[in-house]
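Next come two complexes, and both contain subunit A; in the first it sits with subunit B, in the second with subunit C.
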Partner chain A sequence: MLVYRIISAVIYLILGGIVAGLLAGIDRKLSARLQGRRGPSVLQPFYDVAKLFSKETLALNHGQFVIAFSFLLLIVFTGVLFFAGVDILLVFLALSTAAMFLVFAATSSNSAMSTMGAQREMMQMLAYEPMVLITAVGFYMSTQIMNGGEGSFKIIDIATGDLPSIVYLPGIFLGFLFILTIKFRKSPFDISTSHHAHQELVKGVTTDLSGRNLGMIEIAHWYENTFLLGVVALFFLSNDWWSIPLAVGAAALVYFIETIIDNVSARVKWELMVKLAWGVTIVCGGLNLLVLEYIF
Partner chain B sequence: MAKITKSPWLLHYDGSSCNGCDIEVLACLTPVYDVERFGIINTGNPKHADIFLVTGGINEKNKAVVKQLYDQMPEPKVVVAVGICACNGGVFKDAYNIIGGVDKAIPVDVYVPGCAARPEAIIDGVVKALGVLDEKQKAFKEAKKKKGV
Partner chain C sequence: MYSLKKGMAMELYIALLIIFPFLAAIVQAFVKNNTVRKISVYISSAAIITATIIFAVLNFGKEQSFIPTDFMLGGFDIIGTVNYGMLIVEFILMGIITYLSFKYKKYYAALLSIVQTCFVAWLELSGNAHAVNEYLFCDNLTLILCLMIAVVGGLICVYAVGYLKDYHHHHGAEVKDRRSFFCAMLFVFLGAMFGIVFSANLIWMYFFWEITSVVSFLLIGYTKTKEAVDNSFRALWMNLLGGVGFAIAIGYAALKLHIFNLADLVASKDPVIVIPLICLALAALTKSAQLPFSRWLMGAMVAPTPSSALLHSATMVKAGIYLLIRIAPAMTGNLVGLTVALIGGFTFFVASIRAIIHTDGKKVLAYSTISNLGLIVACCGVGIDETIWAAIFLMMFHCVSKSLLFQTVGSVEHTTGSRNIEDMHGLIKRYPALAIAMTIGIAGMYLAPFGMLISKWSALQAFVDAGNIILVLLLAFGSATTLFYWTKWISKLLAYARPTIRRKDTTSLDQWISIGGHTVMMVALCLVFPFLSNSLVNPIVNSLYGIDNFKPVLSDENLFILVLMIIILALVIVAGFVITRLVKTKQTSVYMSGIDTGDERHYVGAFDEERTMYHANWYLSDMIGTDRLMNVATAIAAAGLIIGAVLTIGGVL
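Presenting the complex of A and B:
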C-alpha cells in the first residue's frame, strides 16, 4: 500500500502542474469558443509561463521572491500530502498556510491594488474555510458509517471505503463545489484576482508581481487546481476499480461546469460572496452532517 | 528557450485621443478580430505587459504618466503608437497643450497611422512589434549572459 501512495505522490509531483496547465489552456479555448472566438492554443498557459521566466523580474523587495517561492512550495507540499493519502486535516491545514503566503506576497508591496487584493483574498478564505472543515468532518463521518464505528481522517481510508463517500455526502459535495469556484478564483468570485483584464483592482494580488515571481505563482495555481480536483475525485473513490474512471470523469465534468459558470456570471461584491458561501455551507453542509449524525 | 512572441501581453493607454482609436483597439478583442488567438492579452497592468500600445498624443499632463508606465514595464518591451495623434499629434497638433506624438515622451518602435487606425492596421502594427520584441529579447538575453560572466 505504501508503495502505491508514494507512486501516486510522485505522479502528482511530475504531472500535477502539466495537467492543470493543459486544463487552463482548454479552459481558455472553451471560453473563447463560447464567446464565438477562435481562442489561443491549448498550450498557451505554458507559453505564458515560459515567457514570464525569460523576462526581467521587477521585484519591489528581496522578500517577494522568497514569499512567492514559499507559496509554490507549500502548495506542492499540500498536493503531495494529499496524493500520499495522509490525514485530510493536515492537508487542509497546509493549504491554508500556503494561501497565507499569497496574501503575504500581495501585502509586501505598498500598491493600493495589491493591498486591496490581499484583503479580498482573506475575505475569500473567510468565506470558504468553514466548508473546507465541514468537508473533512463529513469524510470522517462517512468512514465511520462504512466501517461501523471507527472513523478515520486518513485519505487512504476515505478512498478505499465500500462505497464512494458521495453516497453519504451529497450535500457536502454540493457545498464543496460552491466554494471551489472561490478557490479557482473564477467569476462570480474572482474578486481578489482574475485572469481577465479590466477589473477595478487591475490584477489584485498579483498586480505587483512580475517575471519569475509571477511565473511561480502561476505554476502554484496549476498545482493547486490539480489538488482541488483531486478532492472532488475523492468523493467518488471506493475500493472498486470502476470508481477510478468515475472519479476522473467527475473531476473533468466539474472543471467543465466551472468554466461555464465563469463565462455566464458577473463578479459579485465580497459581502454577497461571504453570505452566499456561508449560506450554502450551513444549508448543504450542516444538513448533511445532521442527517449523518442522527439518521445513520 | 521561451519565445516572447508567443505570449505578448499588452498594455493600452489612452493619451489625449478622441476615443476613436481606443474603440478600434477594443474592436481587436472582439470575435471578428480575436487577437487572443495569438496569445495576446490586454492586461491593464504595466508590470505584466510586453507591448505598450498608446493612442492619442502627449500633453503636458500625461507626459509623466506615459513615462512612468513605460518605466514600470519589465524588459524586453516595445511601444506601438496607434493613430496619427499618437504618431505626431494629428489634428490636435496645434492645440496649446499638445506636445506631439508619443515619441516626445518615450522611444516608439512601431507607428500605426490612420484616423482612426483600423483594427487590421493595429493588428499589423502589433505583429510588426512582435518582430522588434523578438530582437529585443535576444539582445536582453545576451546582456544577461554578459552580466552573469
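Presenting the complex of A and C:
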C-alpha cells in the first residue's frame, strides 16, 4: 500500500502541473468556441508561462519572490500529501496556510490593486473555508458508516471504502461543487483575480507580480486545480476497479460544468458570494451531516 | 497517594510558592523608588520562575497526589490558623468591595459580595466545611498551570516595569502614578493563581478565586476615570455572580453530599452532583468571559496593557478553564456538559465574528481571547479524553501567544503612538523586530504548523467522535472568521511600505526581555509539541479519566508531517532570502493605472489634483458592526444557560 501511495504522490508531482495546464488550455478553447471564436492552441497556457519565465522580473521588493515561492511550494506540498493519502484535515489545513501566502504576496506589495484583490481573496477564503472543513468531516462520517463505527480521516481509507462516499454525501458534494467555483476563480466568483481581461481591479491579487514571480503563482494554481479535482474524484472512489474511471470521468465532467458556468454567469458582489456560500454550506453540508449522524 | 516519607518538604515548598508572590506584593506596595522597584521586580520574578521550574522538574510525571496537610507544629494547629486567617481576609475583601461600591454608588456589587462571604463564613464557622485533611493537591495539570503562571506571569511583571515608565511618561498628569499599587496587584494575582491550582479543598479554592476577582477589579479601575470605574464594576459584579455560584456549589456539596474536595466531587457517582457542577460551571463561565458574561473582558481593556496581558493569558480567564478541565470528567454526556459545550461553541463563533469589525488591536485581541476560550470551554463541556487533550494544548498555546501579542501591541502603541491595526501598516519596514515578534504571535494563534491550529484540528476530530454536529458546524464557521481577522492583521504588518517618518523604537530592555522570552517559548512549544504530548499531557488525560492507554487523536504520521512542514517553511523562507540576493531582479514601483505621482503614496485624482493613497483593511462594519448582534447573542446565551440550569436542577430534584 505504501508503495502505491508514494507512486501516486510522485505521479502528481510530475504530472499535476501538466494536467491542469492542459485543462486550462481546453478551458480556453472551449470558452472561445462558446463565444464563437477559434481560440488559442490547447498548449497556449504552457507558452504563456514559459514566456513569463523568460522575461525580466520586475519586483517591488525582495519579499515578493520569497512569498510567491513559498506559495508554490506549499501548494505542491499540499497536493503531494493528498495524493499520498494522508489525513484529509491535515491536507486542507495545509491548503489554507498556502492560500494565506497568496494574500501576503499581494499585500506585501503595498499597491492599491493588489491590496484590494487581497481583501477580496480573504473574503473568498471566508466564504469557502467552512464547507472545506465540513467536507472533511463528511468523509470521516462516511467511513464511520462503512466500517461500522471506526471512522478515519485518512484519504487512503476514504478512497478504499465499500462504496463511493458520494452515496452518503450527496449534499456535501453539491456544497463542495459550489465552493469549487470560488476556488477555481471562475465567474460568478472570480472576485479577487480573474482569467479574463475584464477585471475592474486590473489583475487583482497578482497585479504587482511579474515575470518569474507571476509564473510561479500560475504553476501553483495548476497544481492547486489538479488537487481540487482530486478531491472531487475522491467522492467517487471505492475499492472496486470501476470506481477509478468513474472518478476520473466525474472530475472531467465537473471541470466541464465549471467552464460552462464561467461563461454563462456574470461576476457577483462579494456580499452575495459570502451569503450564498454560507447558505449552501449550512443547507447542503449541515443537513447532510445531521442526516449521517442521526439516521445512519 | 503521596506518602509522608519526605516529611513536610512538599507542602512547605507549595506553601512557599503560594506565599512568596504575596510577600513580593507587599514589598512592591512599599517601594516608591523606580530603580528599587525595577530591581525588586526582577528579583521576585526570577525567584518565582526559578522556584517553579525546580518544583516542576522535581515532581514531573508523579502520580496525582493529595498532600495531607494536617501537620501540627509543636502543638500549634497551623491549618486551623490559616483557615481563620483566610476568613479574616475574605471579610477584608468584602469590606473593600462594600466601601468602593458605596463610594461609587454601585450597591449591587456590595450585595453580591456580602451574601457570598457571609454564607461561606457561616459554612466554615458552623463546622460544616472542613471535614478533610487534604487541602493541597498536585499533579501534572497543576504543574503545567504553575509553569504558565510563573513563566508567562513573571515575564509580564518584568515587562510591566518598562511599560509603566513609558505609560506615565505618556499620560503625564491625567493618570495618577500608582505604580507601586499596580506591581503589587500583579504579584497578588500570581499568588492567588498558585493558590487556585494547588488547592484541593473547595473553600481554599474559593478563597483564591475571590482574590482574583477583586484584584482584577482593582487593576481595571487603575486609571480611576469614569470609564475605568464603570468597567471595573462590570467585571466585579459578573465575577461576584460567579463567586455566588461557587459558594452555592460548596454549600450544596458540603451540606448534602458531605464532599469538600473538588476531586471527590468529580469522582462522586451521586446523580445530584450535577447541581454543584452547574454552579461551578457558572463560576468558570464568568471567569472565562464566556457569553453572556463576555462584556467584562472587553471593558478590561481600559487598564494598562500589562494587566490585560496578565488577565488574558496566564491568569484570570485560565482559572475558569482550569476549573472546567478539572470537572470535565463529571460533565461527560450529561446536561451540564451539553450546556457548557454549546455555550462555548456559540461564544467561539460569535466572538470571532465580532473580532472582524475592530481596528483597535487590543479589542481584536480581547475578542480573540473570548473566542478561543469558547473553543476550550466547548472541549471541556464535551468532556471526553480527546477533547481534554485538545483543551490543555489550546490553553498552553493560547497563554503564550496571547501574552506575546498583548505585549507587542503595547510596545507598538508606545513607539508609534497608536494601537490601531491600520496604523501598523508596513510595521515590518519600520520596526522589524516588533513586527516579527507580533507575526510569530499571530501565526501561533492560527497558522498551520503552529500549535493552536493543531489543537483546533484535534478538537474538530473529537467533536465528530462525540457526535456533536452543532459544535462541528460552529467550529467550521468560526475557523473561517478567525482566519479572516488574523490574516488581514498579518497582511498589514507585512506590507512593504516605505516609511515616511521613522521614530526611534522606544521599547525598553525590560519589554524586550519579556517579548523575546515569549517569542522563543512560542517557537519552542511548537517544536517540542510531540514530546509535551507524550510526557506531560497524555498522563494528565490518563489520570483524569482513570485510564492508562490514552492516545491523542493525532497519529504519529501526522505529527511527523507537521514537523516536516515547519522545517520546509523555515527552509523556504531562509533559502528564498538567499536566492533573492543572488538573482537579479529589477526594482519597480507600484502599479497605479498610470496615475501615480512617483512616490507610491500619492496619485493624480479626477480633478487633476494630487491625492494621498491609503490602503485600508475590510472591517465589514456595515454588515456586522451593529451592537445588536452582540446583544442578541448575549440574550441567546443567557437563555441557553438558564434553560440548561433549570433542566439540570429540575432533572435531579
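Here is the rule we go by: the second predicted complex is superposed on the first by the 296 of 296 C-alpha atoms of A that agree within 3 Å, B and C clash if a C-alpha of one lies under 4 Å from a C-alpha of the other, contacts with A are read in each partner's own complex, and residues count from 1 in each chain.
Following the convention adopted for this analysis, a residue touches a chain if its C-beta (ideal position, glycine included) is under 8 Å from a C-beta of that chain, and two chains touch if they have at least 3 such contacts.
Computed from a predicted model, the values in this text were never measured in an experiment.
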item	value
Which of subunit B and subunit C A:K55 touches, first, second, both or neither	first
Subunit B versus subunit C as contact partner of A:G286, first or second or both or neither	second
Touching partner for A:G39 - first (subunit B), second (subunit C), both, neither	first
Which superposed partner A:P170 touches (first subunit B, second subunit C, both, neither)	neither
Partner contacting more residues of subunit A (subunit B vs subunit C)	C
Contact residues of subunit A, present in both the subunit B and the subunit C interface	56-58, 202, 207-208, 210
Subunit C to subunit A touching residues, read off their complex	426, 447-449, 453, 457, 460-461, 464-465, 467, 469, 472-473, 475-477, 479-481, 483-484, 487-488, 490-492, 494-497, 555, 557-558, 561-562, 565, 568-569, 572-573, 576-577, 579-581, 583, 585-593, 600, 613, 615, 617-618, 623
Residues of subunit B defined as touching subunit A within the complex	1-4, 6-7, 9, 31, 34, 36-39, 41-45, 47-48, 50, 72, 74-76, 137, 140-141
Subunit B contact footprint on subunit A (complex, rising order)	28, 32, 35-41, 44, 47-48, 50-51, 53-58, 197-198, 202-203, 206-211, 214
Subunit C-facing residues of subunit A, complex	56-63, 65-67, 69-70, 73-74, 77, 81, 86-87, 89-90, 93-94, 96-97, 100, 103-104, 106-113, 115, 118-119, 122-123, 125-127, 129-131, 133-134, 137, 140-141, 151, 153, 202, 207-208, 210, 271, 278, 281-282, 286, 289-290, 293
